[in-house]
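These are the structures in question, set out in turn.
Next come two complexes, and both contain chain A; in the first it sits with chain B, in the second with chain C.
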Partner chain A sequence: MRQNRKWQSLKYLLLSIAALASLIPVYWMLTISLKTDADQLASPPQWFAFTPTAEHYRDAFVTRSFGSYLITSTIVATLSTLCAVVIGTLAAYALTRFQMPVKANRRLSLWILSTRMFPPIVTIVPLFLMMRDLRLINTIPALVIVYTAFNLPFVVWMMRGFFNEIPREMEEAAFVDGDSRLGALRRIVLPLVTPGLAATAVFCLIICWNEFLFASVLTQTEAAMTLPIGIAGRVTQYEIKWGVMSAAGVVAMLPILIFALSVQRYLVRGLSLGAVKG
Partner chain B sequence: MQSPLSVRQRFFSRFSNRRDTALSYLLVAPTIFVLLALSIYPLIFAIKTSFQTGTADSLQWSLANFTRLFTDQFFFAALGHTFVYAAVALTLEFLLGLGLALLLNSAIRGRSLFRALMLVPMMLPPVVVGVVWRLMYNTDFGAINGTLKMIGVNTENFIWTASPQIALLCAVVVDVWQWTPFVFLVLLAGLQAIPQEPYEAARIDGSSPWQTFRYITLPLLKPAILIALLLRTMDLLRVFDQIYILTEGGPGFATETVSLYIYRTAFRFFDFGYAAAMSFVLLLLTNIISAFYIRILQREEEAR
Partner chain C sequence: MKRFVLTSTYNMNVRFHNVSKRFGEAAAVDSLNLEIADGEFVVLLGPSGCGKSTTLRMLAGLEDADAGDIFIGEERVNDVPTQARDIAMVFQSYALYPHMSVAQNIAYPLRVRKTSADEIERRVKRVAEILEIGNLLRRKPRELSGGERQRVALARAIIREPRVYLMDEPLSNLDAKLRVLMRGELKRLQHDLATTTIYVTHDQAEAMTLAHRVAIMRGGKLQQFAAPITIYHEPANRFVAEFVGSPSMNFIEGEIDVAGRQFASKSLTLSLNESQLEILKNYQRVSLGIRPEQITVSTVEQTGWLAASVYVTELMGNETIAFLRIGEERLIARAASEFRAAIETQVWLKIASDKALFFDADTGAAIR
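Then we have the complex of A and B:
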């Protein structure tokens, strides 16, 4: 019994260390964003005892154009999520509910998944050239289009899983009531998959919001930059304004943390493309 | 009066009639179109580009981009960095993730709180992760050197990401920090799906905790382990964002991974053909490695 209690305390100790290790670096960024330039350089480092200032936030979002990056990010993430979810959900429904000839359902699903598997760096040059020919470089549509394609396989696989969990009998009952295919989808199936649909959409938002590689190639002007590109552009300059960077980092991170909390239940599933049901 | 069976049959025919087939194609078509235009076409285009040299006006078919690969020491260095990075990070993430999952797979108080806190790093934008760790490693006001100084360590020579010898390791630490939670989460889900019966049988047979772990937990956890490792490996081989922000591949070439080198070749030197050839190799390697995992996974499923 005594040994058991010792083991229990050791467990808590290890878990606390892991939790702290996860949080301390993020907290450090938060403090830097709230410290004056002089306080940032204080030695020994000040974790708690400093007078917080909002000057870096003001500097980033009022004086500099981080506010504009924030708006671009929001528009791009929302539009591309909307497109991917609508297109992908319809495909997922068809793939789970209809018998296609020669096992086309399974083959199509695997093909769709495989497009998500190759490294994005492979297609970046062709996509850049395509967008240049279409004169879409440095525009919001370019990112919306690319992110829609990037998220589609994810949406199809997630929604396939959610549709498969709904018994077909429910739709058959709707047909008895005289519903058409699409009527049954709208009236019976969609309400049942709404939680899954919402979780899928949130994952798409997170992926778009965080995306860096495509955005860095497709948007180079202030007006079209997303938040990650704005931050990265400042980090790699010679004289770095650490307070401004940190403030922008905190703002970029907050919506994601809220989103992530809201989909905790589906986190494993979303992160493994539906391969593991948590 | 119709029998229930015939009702069912009528609906079954409704499931597979011709109008439904047409509708199903209509519903799948947009997805297929988007993927063909924005994934498959670019992929084919990239492969085509890799077999071409010369400027836009006078393109020639040749293997020059591929033969150049074999004599490019930078490419091999980048490949080496990528593999070292992937191997070390994967090992650490797996061991730590498994440990944490086992710790949390028991009835303890505050379990969901611990779980939620540990997930924070994984959700952060990679760019923010880069900023966070530049602030940690910074030699002037970084939290690491600052804390070491406080406890009396001479930190003059601790330059972390600025040191060619350990910069890659510093990048690995960042990856482990961010992605261990993912491995942990998948393995925890796997652990919770294991039924209780084999454990009870083992307890009755008086097996030791190690034996229980080795002969019950590990085999039953294998599918989850494989999926976690597969997804991590794919991501590690293509790593770009965090390293780009953390070190930009430097100092010198010390942390340049294949993705970074491709990016630089394409968008700094505008050598699209050579960049395409390198991405072709990366694609091939990724495919071979993932095929290997998927094969084990399939064998595992058949054995069930």
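Then we have the complex of A and C:
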């Protein structure tokens, strides 16, 4: 229909604008990382015609310690996601499947969620003091503990929703067939919530990877610094080292991009699972 | 279904002794006493909320009894976990594992018991043959029709040769034709398996056709436990009489006139025979129950027959159901398929009063 075609083209136009708006900064960052310092500030800006150089990447990873920032970020993000997902999933399972007295299930879930309701900055000082007393300042374990702690409510809440989608009858059938509760969880329930697990894990990873506030307070030397801190540190009092910053930014972006792309089909299934009755 | 013979080495009866269960304030099951013999097919029948599913789930171990004892064979199973009770269950929604193939679904109970792969394959093949689903083994549950899914659920239940089979309204999700077909298959299957089976349904036709004995429940209490034909002809109370039989029994409220040897309601009177007067002599207000097939209808006036007007007729093909009105009373009668009468025309009916059943007007208990 005529009407439909018009709306279709309008839709595509808006989508293209939105896509461009998000992709142009990324493209710009990519080109900055490959341009010489002079080219970066050229006027008019050079979008495509420039001689690429690898000096910024070399500067970042060989001369400076971005390599170690990358490794630290990877370790911290992976470990805390793993801990949060394992603990949170088991907690969510307990909350959905076991009847607690005085309707504690609902209250417990709300209480767990409430810990995410206040601004994280409120906890900065107490956490710093706690970590200092434990002699964990400027170590990887400090970051892992803190990131796990504030990812847990999110994991519990998300996995609760996914577990509620699985009918109880399926586990009851497994019990009648002779399986234990943990066996039924492992063989029946978990395979069915894999999309949800993937979606949750990706979100946790992104949160940990991009986290700035706690990392800036809890780490002081390059030994334990994560990528966001490292990148922000390129804003020195004398100049802004755009080239190195962009190179680091590109490298920081890649792991999450690759990971998200690889679990993309699970993400879509996981996010729309509630809409379809299985 | 293919013919086969399965020799069971068990002697498994099931016994409920004063079993009760409460959900909050309400009693879902109230002091249930039931004894089911080995190899018997017992149907728990009743309307929604009567406690039949709860009873089944207590036997399965999916709910805990608040009071009383449940026995499988000689063993008291109240504290035995579901996994160890050696039972198999077919759920209303079949509860097939969606991420596994049909073969894996059926094999699951054996896999959990760490049976060898060869043994599993052999038994899955055999069971699939019996239920004629051999060609579906590689499919996933979502690719199957309702009837096929039901067979897979059955296969998963029978592969282990348990002590008791439990079935929770397994035919409810099938269309009418398939339901009738599967009813027969189930009955035959149970006969071949010769294992104690407890079946829950709200459909009285299923109960009547499948069961050796039917346990009718209402509001958590057992109303009657007897063979289908006994329940049909000798119901223990008005609820049972009304629940079983389709179209349901007609009830007429009235009084006993001992001197006049008759039963009198607002719109009609029926004479009573000797044996009826004998049991009714101490009663005043009663409910008379008469089944539709015990009322004969005719479009031609007959002496001594009662006049009635037609409310509506249903031509079923093999018979005609006539909804009639006498004064303020409404009656349903079964007529031959040739019977035709327009709405509001006058017809004549004869009630076989010697076949009538009587119930206490207040308690509903049968008067015998």
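Note that in this section the second predicted complex is superposed on the first by the 241 of 278 C-alpha atoms of A that agree within 3 Å, B and C clash if a C-alpha of one lies under 4 Å from a C-alpha of the other, contacts with A are read in each partner's own complex, and residues count from 1 in each chain.
Note that contacts are C-beta pairs under 8 Å (C-beta built on N, C-alpha and C of every residue); 3 or more make two chains touch, one makes a residue touch a chain.
Predicted model, so just to flag it, every value in this text is computed and none were measured.
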{"item": "Which of chain B and chain C A:58 touches, first, second, both or neither", "value": "neither"}
{"item": "Which superposed partner A:206 touches (first chain B, second chain C, both, neither)", "value": "first"}
{"item": "First, second, both or neither for A:132, with chain B first and chain C second", "value": "neither"}
{"item": "Partner chain(s) touched by A:183 [first = chain B, second = chain C, both, neither]", "value": "second"}
{"item": "Contacts of A:6 with chain B and chain C, given as first, second, both or neither", "value": "neither"}
{"item": "Contacts of A:107 with chain B and chain C, given as first, second, both or neither", "value": "neither"}
{"item": "Partner chain(s) touched by A:265 [first = chain B, second = chain C, both, neither]", "value": "neither"}
{"item": "First, second, both or neither for A:14, with chain B first and chain C second", "value": "first"}
{"item": "Chain A residues touched by each partner, larger count belonging to chain B or chain C", "value": "B"}
{"item": "Partner chain(s) touched by A:175 [first = chain B, second = chain C, both, neither]", "value": "both"}
{"item": "Contact residues of chain A, present in both the chain B and the chain C interface", "value": "172, 175-176, 278"}
{"item": "Residues of chain B touching chain A in the complex", "value": "7-8, 11, 14-16, 20-21, 23-25, 27-28, 30-32, 34-35, 37-43, 45-46, 49, 99-100, 103-104, 106, 108, 114, 116-128, 130-136, 138, 140-141, 143, 146-147, 149-150, 177, 181-182, 185-186, 188-190, 193, 224, 227-228, 231, 234, 237-238, 240-241, 244-245, 248, 259, 262-263, 266-267, 272, 275-276, 279-280, 282-283, 286-287, 290"}
{"item": "Interfacial residue positions of chain C with respect to chain A in the complex", "value": "60-62, 81-83, 87-89, 91, 93, 95-99, 108-109, 112-113, 156, 160, 166"}
{"item": "Chain C-facing residues of chain A, complex", "value": "167, 169-170, 172-180, 183, 188, 191-192, 278"}
{"item": "Chain A to chain B touching residues, read off their complex", "value": "8, 11-12, 14-15, 18-19, 21-26, 28-29, 32, 40-45, 87-88, 90-91, 93-95, 97-101, 108, 112, 115, 117-130, 145-146, 148-149, 152-153, 156, 168, 172, 175-176, 181-182, 206, 209-210, 212-213, 217, 227-228, 231-232, 235-236, 242, 245-246, 249, 252-253, 256-257, 259-261, 264, 267-268, 271-273, 275-278"}
